[in-house]
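Input: structures, listed below.
Each of the next two complexes has subunit A plus one other chain: subunit B in the first, subunit C in the second.
For the complex of A and B:
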């Protein structure tokens, strides 16, 4: 495991850990925790998406479907069956992974814009589907029985437990993202991204390789969804399958640098910071999504490699440090 | 030689709509030989490669590789059996380094090496084709001649039994052609069987043990380079003007 000594891994992990430790050092701990939670959630989502978008080159516009579905499955288990949070989180991840596996077989044959369109369709279809399932509360969703929090030391302690879980999850995702990139599997993904036909001629079994990348990139958002909605105490279709959150995920990955390990971490933090500033500005608070759209346009036009990609391309020395 | 040829094409036919691209193409390629494939543009040479390595499934006929019927198998299945190819239009993995390109060839090709072993093989092969100095550069930054070498290195890194080379000499200058021909001979000497498409006639005639001529998907001649070069049918149908043919052969 000589690649574990790569400074790029430790830089990405250290940055993520710094966000996670931020509340411990701040004076207003609960307030800072909420900001850090938003950042770590974004880091987890963006880094997972990057496995498909950055490494494999497939743009998933509806990636939030895995977050929503995982959230629903975990929430249902917590609310109706009183399972432990850890079990619910795992179940949410597995449910999303399974959905990605089945979808992968069907829509990963599509390339480019057709795949992107199909993923939007999947998200919208899933929202409509969940709305009509009485088991999951139909259009009004579900609200967590307050007593559930007692098992985790009361609501206040539960907030901290959730926070620490998301922090741990974000570190795991960054580590997995690095391990994938520096593995044989990752090389296969990047070969597919660069030229899928040539990759197949070289012997890369593209259909199954792509499917496993999709499963992996869906598994973590599924777990994340459970943690988020557990903390939220309430889940409904309109909150679980928000299409623009998918697009914000793409903005974060593109901003930081698609196909890099550090990029999504940096992009997620920067985007969340920007969003925070816009939301409190009287001028921009209603058009903050438009700003995200313009930002995406500017990145695609002028720095398609993102911040980390640009730095790597510009300064050869940084290629040893940034990954 | 153990009787069974390494590759056999039996009556392979392929149609694109109204165009009959290949008509009952049949040949044997014994182990250790270099078989040249020539013909005018549009004769079906690349289509034949695509039918052999699984990009197209032929409508009729069979392709037998190492005694197995591989007709209609996927390109990655064929690759894993030990058949590697290069492309007429180079297909580098642009955003990856030269080393990563070649490592991928070794990882996913015939020998299915682990990443660590594959990198060692890749370094050896890069040395062999003369690209060692470029190993950490992005593939996109290479010039055409280097990209052709990269294609070859990627295919070789798989350590295949059979190598399909699609115009590896096109676009190279005479000095580069000379170097590449030397490389091809060395590959053959290592025991790799080669099927090669080439327009640079004198080089092909030099290096091939036997030659097949395709014209409009028909196999119009087969034999040693000398036999084929002097076949009036080839001169007439393929080269058109016999004087032009003499001149082309004279370049060798």
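For the complex of A and C:
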């Protein structure tokens, strides 16, 4: 476990923990908690996406499908079967992981833009499918009975429980992201990213390696979805499978630096803060999407490696600290 | 029930077809999936809307302006967002064109809001036997057919058109033959967005829309491109007709004896499952050639 002493891991974990502890130090705790919740949710989603996008080099445009599906499965269990939140969260994660496993064998055979298109198709198909399933409430979705919150100490306490769970989940994701990167499995993924055919010649079993990366990157968003929609109190197809949020996830990964552990954490926090500021600014609130678009364009055209990637490339000494 | 729905679907299919043709042309020439396709379709709709409701212009004449605007806009988008990353991995061009998408939607939402609009333009309808068809749909299909024919002539009979096909075949070789490939790529991108804008303009003459409406037509264009073979513009027209026919026929299949009723809400499920399946089994498209 020598790699656990790497400063890059502790930097990423410390940054995530700092966001998580922020509400405890702020004067207006509930308000700060909501901001920190948005950031930690983004950190979790971006870091999971990074396992596939950054390490493996496969662009999943419809990654939000795992968030939505996990959310639906967990929500259904909470609402209809009164299971404990922890069980529901686990079930949501497993459902998304299973979907990724089944899909993985099929669509991961596609490369480049074809894979990206297929993931969009999967997300749209899933949304259209869920809309037609009466078990999940069809187009209007489901609303959680308010009594459910009583078993978690009332609505206010339930909000804190959800917050702490998302904080814990984000720390776990960052740790897993680091462990994957420094493992033999992660090396295989990065070899696939650089040149899939060469990787196979060198003995990387590409199909199963890619599939497990896909499963891993789907598992955490599935759990996250359950927590978010538990807090939200209702779920509907239009909210669960928003293609736009998928792409926001990609923007966060790109902004921070794809393929790095710290990058998605930094990118998620920066993007969410920027978005928050734009939304409340009188000048920009109507065109916040356009401003985000310009930002994305500038990153793609001029700093494709993201902030962390750029720093690592520019200052050799930082390569030992930033991972 | 079945025949009118089929004809209605086919007429709509022509319009879907030219939207997809734009996407397919850009993909074929430069391996770029243009994710700003949807907002440009929406801009085409608003072009017709503003000219008709504001200035009282005839929608079909305005279409020429929309075409010119689409062409110019495409060339600008290429120069600003695509040119620099054209040889980078797919992620870069996908994100660059998506950034354009966000910019157009962001500004569009601020200017036009997201409330629904419609072009209140009617030419009546004709009845053929027991089939009743509105003239706007028929004219849209005719216009789409005309645009396709012009595109075909342009690609096969003119110097720039031939250059586009040469660049599609092999960009490096075309460059060596003295073709200014950068201009040809810009022109192809412009033609692609022009087709998107025209299809949007035609849709606006019979469906209500918002600034966000382009999104669903963009996704339909993906499905059509995959049906017809990515990078094969004429295949896109056939793919469009196929999708239009499916959309027309699936909801009324239940009226036939022995077939269970399928609700309209299942149509997108069928479409997207078909889409993913074709991508898996025949990524070159149903009509694409083996390569």
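In this section, the second predicted complex is superposed on the first by the 323 of 323 C-alpha atoms of A that agree within 3 Å, B and C clash if a C-alpha of one lies under 4 Å from a C-alpha of the other, contacts with A are read in each partner's own complex, and residues count from 1 in each chain.
We take it that contacts are C-beta pairs under 8 Å (C-beta built on N, C-alpha and C of every residue); 3 or more make two chains touch, one makes a residue touch a chain.
The shown structure was predicted, so the numbers you read here are calculated from the model rather than taken from an experiment.
**Student:** Look at where subunit B and subunit C land on subunit A after superposing the complexes, then choose clash or fit.
**Tutor:** Here subunit B and subunit C can both sit on subunit A without a clash.
**Student:** Identify the partner contact of A:139: answer first if only subunit B is touched, second if only subunit C is, both if each is, neither if none is.
**Tutor:** Only subunit C; A:139 stays clear of subunit B.
**Student:** Once the structures are superposed on A, label A:191 by its partner contacts, choosing first (subunit B), second (subunit C), both or neither.
**Tutor:** Touch status of A:191: first partner only.
**Student:** What is the contact status of A:118 with respect to subunit B (first) and subunit C (second): first, second, both, or neither?
**Tutor:** second
**Student:** Among the partners subunit B and subunit C, which is in contact with a greater number of residues of subunit A?
**Tutor:** It is C that touches the greater number of subunit A residues.
**Student:** Of the two partner chains, subunit B (first) and subunit C (second), which one does A:294 touch, if any: first, second, both, or neither?
**Tutor:** In the superposed model, A:294 contacts subunit C only, not subunit B.
**Student:** Taking CA centres after the superposition, what's the angle at subunit A between the directions to subunit B and subunit C, given in steps of 10 degrees?
**Tutor:** So the angle at the centre of subunit A is 80 degrees.
**Student:** So, A:203: does it touch subunit B (first), subunit C (second), both, or neither?
**Tutor:** first
**Student:** Once you lay one complex on the other using chain A, what is the shortest C-alpha distance from subunit B to subunit C, in Å?
**Tutor:** 11
**Student:** For the complex, which residues does subunit A have touching subunit B?
**Tutor:** 183-184, 187-188, 190-191, 193-195, 197-206, 259
**Student:** Which residues of subunit C touch subunit A once you look at their complex with the stated criterion?
**Tutor:** Its residues touching subunit A are 27, 31, 33, 80-81, 84-85, 88-92, 94-96, 98-107, 109-110, 219, 222-223, 226, 263, 265-266, 268-269, 271-273, 275-276, 279-280, 283.
**Student:** Inside the complex, what are the residues of subunit A that reach subunit C?
**Tutor:** 53, 57, 59, 61, 106-107, 109-110, 112-114, 116-118, 120-122, 124-125, 128-129, 131-132, 139, 247, 250-251, 254, 286-294, 296-297, 300-301, 304
**Student:** Under the touch definition given earlier, write down the residues of subunit B that touch subunit A in their complex.
**Tutor:** So the residues of subunit B touching subunit A come out as 53, 55, 74-76, 79-80, 84-85, 87, 91-96, 100, 103-105, 107-110, 112, 114-115, 118, 154, 158.
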